[in-house]
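What follows is chain A paired twice: with chain B in the first complex and chain C in the second.
Here is the complex of A and B:
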């Protein structure tokens, strides 16, 4: 793309050539990402579609593909939703604290520490969840099973190892916290001063000002942030694989020994000893996860676009 | 309802930077007081200190006394939120809440005061405030449309309606017409004339004709010298300010021989 003539300062419009080079670079970067995505999709489709029709024993403990992937998908969504329910309030609270409540000396370090969380490798979170967090949560889960057992989520009997989908959800929550916090913090901080002052001048307290000016402005950004967090939680592998000893079951019980597996963790834990037939089944589940994540992102964009259209009118 | 304001020995800081020094003035109830002066001389800063909006900026603080009808505004026992509910403000650029309808924008302040209101009561406040802001006839058929859909001048009158809906004692206006065309400007100036029967109005303006047209009293602000804090040079009845001011600097500024 660049030529050897580039070093010679040319008089006739230098900016145009720079523009062309940059436009070319940007365009090829865009095309490469599309091509990569297409290549992943084609790989998953070619390798995975045979996995839909394999001998029944490949799908053990089930006997055909759809129930198999259905249960895994349930586990994936369930664990991700637990993570979201835990992470979103925390993330929004932290983001608001950093952008609107904390004194400046405190805001920067807190923001920095939260960003650091994103730099911890997921396998470390997995180990920590399995070795450190799970034993700590045993008593909490026992308490939940005892006192809130009437809610299906806490039906119990509580696991004695603590390695449950609830624990996995907590670990996932910590993992998606930084991205949700970082994005919503940026959006909160961009709230137009004009709108904040409009609320304050009417005699709004700080919280009322946030409700009047910050949240409406940030709504679509919050949805994007949550969706990105959800995408991360759906695809997360090691943290879940290390925490859960899972099986493809459908249960809302979050604290018992039988835990639903997620697609990604199932692939990770079955991959090593998989036969070719099993492998194609695993890849097919990967294709389902790919399509599902895609659909979630699409839905999120649609939600955001619609709310933006509504406000801009 | 309208109240007078007494300012004595007011110094206003941004952090360590002294922006305005030694302001003494009396703002009469039920009249329009205009602040004029070159950019950066502290007019808006003084205005914003009158409803404690100045301190919203980190590090900003005020020394001295501001009395509203004998009550000190900066007394430690006074909640700035309560002050702002009684002293309304209209900003340079119209700032209706973008996600709210016209109706909800007008009621925003009333809802903050968290009184539960009946629908009929709300309707009455909305109509009264919008009529007060000369906007009712233009928007009465589309009260549930977003406030951002209005023209700039209409948006500014919507903001005035929102400010007067809570029946404040004082209305502060920070260059309310600087983003508007001449027709909208004239509509707002007419409105200021009408509002002064009910409210004490303080307006900052860069437009001296506007000050001459709308105000009863005028204060001229200027920097003491380059790099020095701003100060109130002269405050007098508008008629006197524009015909025969006491201070030479005032005359120079008003007649355009400034600097």
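Here is the complex of A and C:
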């Protein structure tokens, strides 16, 4: 390639120029990403801020923006917390299973299957949750309402369709399971081998080894994995929109017919027949969701970054 | 157990404690399943209650046996081990259930017409199809890939080759990580807000969907490419520099070809991730019943959006249908879901195969 026919005395200035162009291209690609992130904020703000101050009927069944978005935010956080409560024990269990408990032949396929679970499109999860899972959960929820009705979460009366925020939480839990599992699995696997062997050599059982050698090492990683799962659950749209027919209400009751809507599902379900005024309201709620998930993700990544620095020292 | 017969004159501690036999978990598991099955049959419980009871019996019985033989520490160990196995089994159930449901409900809906018809003028349970949705998905995802692959690739090159250690690179890495957590519907709203500002409030078109999807895809491409570029041994780069090759030629001729397989894998996994996105396309690409191959004008349906609308507006069950039949929209939704899952899984498998074939050679 380099056989140039003209014999120049100077040493290849063209290649220097090529290098500058290439470096410039690479750097500008990086800057495009920063610009895109800023643009998301700016354009959502430009289109969304008029939505804060619209005629009262736009916010039906409420009358102004703050209560409207507040109730939606409650629903978002509530559904995400249900999902976390269900998913975290399972996710940590599976991560430990893959990293410490499973026989060698089983560990790799299980990890692969969990990754596949992450690849299933959210709309399929929603379809499955609404048509297959919800009918199966009717009797479970009826039982919960009957026997645990004194707890506000299960006050009932239990829905006869099963399409409740509890069902939506279960679907969300299945959807965030892979991300929590994947991250905590990697962190568990990074535990220094010598720590583990030292614990075992002192006569610890396997559980004591995990409790005293693995968990302290992995604590910040687990926290950030859980927060990333939370971020995903907060922003998930389809699973909730398909499972719930929801309205902006505040209720702790997880099994009744009146279910709190989430920001994302509210946008998806009221988007099609939205007037321009309503549209700006929806974009404004989207901006709130963005800011909220951004903060959660930011915190999670900061925790990871700090612990990485700590361990690299 | 023989160690307990050490003569007391030595007064030495036994080196091993009493242990449950190796087949103990299997035996307890079998007994738990039998007992739960018996109870479930007698009381007429469903499969869910049966599985729950069996798991509960197993988790309680094994540590109880263990505490009487091995002591409390051994029992706690048994308890956590069985809890972890139960967690694993419990998480496997939804996946198998999901795949089984989609297969059993989706397969009957799929035939040649379903894959080659669109939904124009389809009323009730006429034969409708998803051709328009498949084409929409391919076009929108294809353009999204065309936008995000160059940007993602160059950004990764900047992070690994040029900007290593600089403050800007650290910020980009951090923000790319944060960007992976952007809710997909926010990406759709961003594209909507952008194009509404340019073209007016009624704008809906496929290209907008591509822009929204690239916002979700770029961080995935950057992360995977970055990892792959870091895997390329520095020896290769230094050998190339030593021959007088400029840096950009080194990158294009040495670094990129070495990591090509991994990069392709990452890109395909990113495509597989965004191809199933619903929310952004619902917002900006809209829905239509006809085939639209032009991404720059008019609405464009994709498979996930098609599924969403088929479920939320399923139509009515025809009056002459057999009892228990579902609305035509629901049947089509299952069919489309199966097609979508097949596409995603195929992309995943091919990506992993490519990654294995072209894996970076170490050393």
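One rule holds for everything that comes next: the second predicted complex is superposed on the first by the 267 of 313 C-alpha atoms of A that agree within 3 Å, B and C clash if a C-alpha of one lies under 4 Å from a C-alpha of the other, contacts with A are read in each partner's own complex, and residues count from 1 in each chain.
Just so it is clear, contacts are C-beta pairs under 8 Å (C-beta built on N, C-alpha and C of every residue); 3 or more make two chains touch, one makes a residue touch a chain.
Small disclaimer: the values here were computed from a predicted structure and weren't measured.
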So, A:305: does it touch chain B (first), chain C (second), both, or neither?
second
Touch test for A:200: chain B only (first), chain C only (second), both, or neither?
first
Contacts for A:25 in the overlay, against chain B (first) and chain C (second): which applies, first, second, both or neither?
second
For A:182, select first, second, both or neither according to whether it touches chain B, chain C, the two together, or no partner.
neither
Which superposed partner A:289 touches (first chain B, second chain C, both, neither)
second
Check the residue A:208 against both partner chains and state whether it touches chain B (first), chain C (second), both, or neither.
both
Counting residues of chain A touched by each partner, does chain B or chain C come out ahead?
C
Is A:158 in contact with chain B, with chain C, with both, or with neither (first, second, both, neither)?
neither
Taking the superposition as given, does A:104 touch the first partner, chain B, the second, chain C, both, or neither?
first
Kindly list the residues of chain A that each of chain B and chain C touches, one partner per complex.
205, 208
Give every residue of chain B touching chain A within the complex, in rising order.
51, 53, 56, 58, 81-86, 88-89, 91, 93, 95-100, 108-109, 112-113, 146, 148-149, 159, 162-163, 166
Residues of chain A touching chain B in their complex?
104, 192, 194-195, 197-205, 208, 212-213, 216-217, 219, 311-313
Name, in rising order, each residue of chain A that touches chain C in their complex.
12, 15-16, 18-19, 21-23, 25-30, 32-34, 36-37, 39-40, 43-44, 46-48, 89-90, 92-94, 96-97, 101-102, 110, 113-114, 116-117, 119-128, 130-133, 136, 139-140, 174, 177, 205-208, 210, 228, 231-232, 234-238, 241-242, 264, 267-269, 271, 276, 279, 282-283, 286, 289-290, 293-294, 296-298, 300-301, 305
Mind listing the chain C positions that touch chain A in their complex?
46, 48, 73-74, 76-77, 79-81, 83-88, 90-92, 94-95, 97-98, 101-102, 150-155, 157-159, 161-163, 168-169, 171-172, 174-187, 189-190, 192-194, 196-197, 201, 215, 218-219, 222, 246-249, 251, 272-273, 275-279, 282-283, 304, 307-308, 311-312, 330, 333-334, 337, 340-341, 344-345, 348
